[in-house]
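Each chain gets a letter, A, B, C and D, in the order it is written, and its residues are counted from 1.
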Amino acid sequence: AKPLVIGFSQVGAESEWRTANTVSIKDAAKKEGITLKFADAQQKQENQVKAIRSFIAQRVDVIAFSPVVESGWDTVLREAKRANIPVILTDRAVNVSDPSLYVSFLGSDFVEEGRRAGRWLVERQKKTPDAVLNIVELQGTVGSAPALDRKKGFEEVIAGNPKLKVIRSQTGDFTRAKGKEVMEAFLKAEGKKINVLYAHNDDMAIGAIQAIEEAGLKPGKDILVISIDGVKGAFEAMIAGKLNVTVECNPLLGPQLMQLAKDVVAKKPVPKRVVTQEGVFPAEVAAKEFPNRKY
Amino acid sequence: MFVQHPLFRPLAALAILLLIDFVMIPGFFHLEIKDGHLYGSLIDIANRAAPLILAAIGMTLVIATRGIDISVGATVAISGTVAAMLVGGTMVMNNGTPEYVANTPMWIALAVAMGAALLCGAWNGALVAGLGLQPIVATLILMVAGRGLAQLFTDGQIITVYYQPFFFLGSGYLFGLPFSLYIVAAVFIVTALLLRKTALGLFIQSVGINPVAARLAGLKTAVLIFFVYVFCSACAGVAGLMITSNIKSADANNAGLLLELDAILAVTLGGTSLAGGKFSLAGSVIGALIIQTLTYTIYSLGLPPEVNMVVKSIVVFVICVSQSAEFKNMWRRAFPARGGKA
Amino acid sequence: MTTNLSAPVLELRGISKAFTGVQALNGVSLNLYPGEVHTLMGQNGAGKSTLIKVLTGVYTPDSGEIVLAGRSIQPQSTLDAQNLGISTVYQEVNLCPNLSVAENIFIGRYPRKLGRIDWAGMARQASELLERMQIRIDVTLPLAHYPLAIQQMVAISRSLLVSAKVLILDEPTSSLDEKEVDLLFSVLRGLREQGMAILFVTHFLDQTYAISDRITVMRNGEREGEYLVGDLSRVDLVNKMVGAVATGEAPATAVETPSEGTGQSRFQSFLRAVGLGRKGALQPMDLEIRQGELLGLAGLLGSGRTEAARLLFGADKADTGTITIEGKACNFASPRDAIGAGIGFCSEDRKHEGAILDLSVRENLILALQARMGIMRAIPLKRQQQLAEEYVKALGIKTASIETPIGSLSGGNQQKVLLARWLVTDPKLLILDEPTRGIDVRAKQEIMDYVAALCKKGMSILFISSELPEVLRVSDRIVVMRDRKQGGEYPRGALDETSVLHVIAAGDTHVS
Amino acid sequence: MSHPAPSITSSPYFTSLITVFLLVVLLGAGGAAYPGFLSLQVMFNLLIDNAFLLVIAVGMSFVILSGGIDLSVGSVLALTTMICAYMLQTWHWNPVLVIVVSLAIGTVFGAAQGALIHYFKLQPFIVTLAGMFLARGLCYLISINSITIDDPFFVAMSQTQLPIGDCFISPGALIAVALLAVAIYVAHCTPFGRAIYAVGGNEQSALMMGLRVARTKVLIYAFSGFCAALAGVLFSFYMLSGYGLHAQGTELDAIAAVVIGGTLLSGGYGYVAGALTGVLVLGSIQTLIAFDGTLSSWWTKIVIGGLLFIFCVVQRVMTMRGNKK
């Protein structure tokens, strides 16, 4: 039979996480003998829309994409539906008036990641029940979905605990350089008052850890460091005792996506929401887990 | 007179910003000795501004010839990733103590990285001076493709460096001050001397103001323009090494992102016109310091990140307007008594 | 002739204007009557252009009053002045090089058809207008295609289009040759008949006496006096401009004899061009320039003189022909090569091809020398200053200091700086394309003497000028150009003004 | 000047024609390489997907022709989507009123920049750069979340497909093309349009010739602001959402489109119609890459750069050749 053709529109290559995600999808497609039409959107929604339109024009069997942003997909997805091409979302959800516009959503739940980070901290706080923990937060890119959701989830959990207080929150644009720069400013402004750092991704945490060290403090001890994603660098930092915990956000969606696509084309029923398996990795397990990390 | 000096206004803007910091942020000017070097907000600003200053110095010369180079950020990414990949280094666990080994001797890595940056400059220079493409499209090509190249080298990964001596460039200290400041000072002094002691400054200005007349007067306009783009990329290359060394890793996608815009902004804040011609190297340095101080101030004030851009834009508007000659006239008209006495 | 009985249409009372370091105008008054041509004369930097700019709203005067038809006015912009009925042609051509010739004439007052611009009609009207000046060109091409002289005519045509009460022309004739000047004057006379008041600036005494009814002389930013033409002899006029006591002899009539015609043989060939040509610009021509010789290039507007000069200098690339200098074949790919071979070229278009406006007099002056010495061997500042001071003095350049930007010098003084730029390089061959454009009578004489003296010392000069008498007076030999090709070569004294005109008009007539 | 002036002056249409020719070559190559590439719908998609860019590029053309630059357009676009979304979703205003108000806001924003540029003699680059930060920043002040628009009128505009044969085109694309037509008329047949060229050719001379330079410049930036806002409205139709991160870097795309279309960045030379060619060139490059579908993220960037390079170099070389003749 003709090989299955999937059109996949990726957000871009803005982080290691994303690159791992891309690699996983490409590898899985190759393994399954599926033809993958890959389009990179360079972080722009309008480029994704263009790519999806061109997939429709090319009459692919399945369209999959990681939306840059939640809103604004109604029109183009309607076009896909009219062309009878099923759509699968990966990594991020969309916000559409008619849920039948896509068949399934495969990916992580950013809010839940934020909550997990929060829960770890709440647990941790129980060790020192009397102390107030001052938190500084390094947000992702202003307005981006992971930044909004990870902030929301985290806040939701710590809201119940009066001893946990976010004293500073600023964007570090998901990058090491900005994370370091902002943390430096925090350290000068708040000094020793800072007890906890919550970073929306590992890269910012790694940058901030350097700033903490340069300030003569011990990351992981003087300041607890919590981050999200679980990339290799984070594990190295944990092994060195500089990072306390990272909440995994699994980029290896390839195999699951290919399976879903095959099922959809075979007209098998598929779940509307497939949550990826993700863990929380505190420093204690880092050394053991490190060899298993693929990205 | 001192007030009429072209650097007076940029300096005044910087002073006012620092004054605001002094009032609003307790301990802003506090400096202490930590681990044998100076530590404090001012040091952070200077340290963080270093790559921007370098980029602005290079950009100043390009702008003086009526050009523009929007590929600075891409060049930063290229030189940074090349250096990081070559130095690389591995962390070897030796009886529980980590040890660091470089892949390639560091000086070779640095030389190759700078070579890559110079190639970028030569590419831009050839397109602008040789083919006569408009500078903005000519450099747009590298801006788009350069970052892609850097990512191609790294396979989209962030390259972490595990080689201690490499970190000295961006986060080391010499005589209590960040080492990067010495690099900036050296580049600045060399450039200033080059402009002062040779006819380079005169030639660049001539080409910027009236290229036709400059050619008729016997200048090698094309060679000059080519050189200026190479120089700009070289500055960007050093900035890239500095950034990479500072965060101990090279992030091809984000390193130096939008640095070109900040560099151009620094040049204009320093009083150099984008129309080419007269320029001020010192002004550009001050412009870069203004930008970095502003960024740092925003972080330190504890403002929510949503307002960052609004604050930044308003400060830029205010500085520009207050620097304009028309504003001075209006001021004089509004307060004639003071103007009369002065 | 003017009737002093009628009231002045325009009155300037006690106008003063200072720039940093210069009092450009000091209490200047002027009356302009309807139906007169009023000539403003004065040395370079006397304040003529500044006065005109104050009058037309480009500058605001520090003090003084402008009265137009009995009403005090304060024009804030050129547009204001235009609306008040003052139409102006400024000294430097102020047109848009990217727009077509027709548009440059009509912009701001387009002929309309159904609300939109009537392009065809505009082109037709523009052609007609220029044809009145006997200029037949494609008016739909961008202005930048045409040489400076044409641009100047376009600027004049533009000013004639407005139905104004007052017409101001600041050195409109500086790069026109006699034919164009005559045409312009006949137009001006027509306008005078219609009662228009015309303020005219020129450095040519002949033109002044040919057209003016009245002369105002300015000196050092002040009004020296106002005279009826008949009351002022040439000698007096020059003395009043210069401010010297009458010596009884007008400088313009002083005839210099550079080198005797008999001395021809002592010239050795310096440069020889064979079949030098460029498609669409110059038909292949031969030219020989000898050492220590002043070779004049005569011809009408558009005859190809500038193009020939540019080819010799490598500013444009020649399609055909060879150049040999002192027996060695040369191939100039750029002006730099030519400079290396000892050639200098002072362009006719000082605004676009000469002055680097924001740079100082000193920097402009040493630019070519520095370019020749190369980038690494910077001329020490002391030496630069010394050179600048020397030439400012030698050529009588009027400037506040040598650090003043050249852009704030008067037109004539800019021209002198550019001339000095080449003189400091001490070239073996200096090509001067309209070098005395906009330079006052006295200074012109001095400059040409200076140049002639250099010639005596062995420098060759290729001299291009629209002023035929000047070419005839100073040249050792004259090459006449016609229709972009060589039209004949004549030794000194073989031609006089009428015979040159004859050659230019009729072709290769042999004159004994 | 009697010597050959800058190439583009000697044959004004030439570069534009070359650009069109190269565009056709580009499309032809795509058609040969990828089946289905040359279908009518793909061509229409070029217009549909780039309508907003075309609108911005038209405004940008005016600015660049006058010798200026406007970096704020991308942000103003985003701000407009945000304002539209907010007014529709929170205040439930009438959609037509919403559109009118947001267009007015964009126009005023542009005019204010123009006034700063002209009256304070500031550099367009820096003023509009600050304007870019400001507009983006204002988006976040309205909301850092994206806002979905479900107003029926907007939804209808978004989903209407005007059939042409068995293909379709969107209302947004038609609006963009109409704007282009109006802009071409304005640029070439009205005194305002010619004043833009004059200011771009030589501002000082334009002033000396008695043109209303102040008015012209403020109007140019106001028009660019209007175009950015209109592009924002089209973008709202297109995306049905308001978002502060929309259309990042669009200003560069627009500048590139205008310059590729044959307009000189130094002002005074070029055609507004070039904006369309430029936009189509950029769009075709992207479509080519999407049809190829094998490029990784970084190869995408490299290939875009490479195609841009080839395009610009061929354009330049052919222009030089053509002018030698």
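Methods note: a contact is a pair of C-beta atoms (placed from the backbone, for glycine too) under 8 Å apart; a residue touches a chain by one contact, two chains touch by 3 or more.
All figures in this text were calculated on a predicted structure; none of them were measured in a lab.
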- Work out which chains are contact partners of both subunit A and subunit D. B
- Task: Between C-D and B-D, flag the pair that has more C-beta pairs in contact.
- Result: B-D
- Task: Could you give the separation in Å between the centres of subunit A and subunit C, each centre being the mean of its C-alpha atoms?
- Result: 72
- Distance from the CA centroid of subunit C to that of subunit D, rounded to the nearest Å? 44
- Please report how many Å separate the Cα centroid of subunit B from that of subunit D, as a whole number. 30
- Item | Distance from subunit B to subunit A - Cα centre to Cα centre, in angstrom | 32
- Item | Contacts with 2+ other chains: residues of subunit C | 315, 352-353
- Among the residues of subunit A, which are close enough to touch at least two other chains? 12-13, 19, 22, 142
- Message: Quick check: what residues of subunit B touch more than one other chain, meaning two or more?
- Response: 151, 156, 305-306, 308
- Query: Okay, what are all the chain pairs that touch?
  - Reply: A-B, A-D, B-C, B-D, C-D
- Which subunit D residues qualify as touching subunit C in the complex? 1-6, 9-10, 12, 185, 188-191, 194-195, 197-198, 200-202, 204-212, 268-269
- Which of the residues in subunit B end up touching subunit D in this complex? 66, 70, 127, 131-138, 140-152, 156, 261, 264-265, 268-269, 273-275, 305-314, 316-317, 320-321, 324-327
- Message: Going by the contact rule set out above, which residues of subunit A touch subunit D in the complex?
- Response: 7, 10, 12-13, 19, 22, 26, 36-40, 42-47, 49-51, 53-55, 57-59, 68-72, 74-75, 78, 95, 97, 141-144, 148
- Query: Which residues of subunit D touch subunit B in the complex?
  - Reply: 116, 119-123, 125-127, 129-134, 136-138, 140-141, 144, 252, 255-256, 259-260, 264-266, 296-302, 304-306, 308-309, 312-313, 316-317, 320
- In the complex of these two chains, what residues of subunit B are touching subunit C? 197-200, 202-203, 205-206, 209-210, 212-220, 277-278
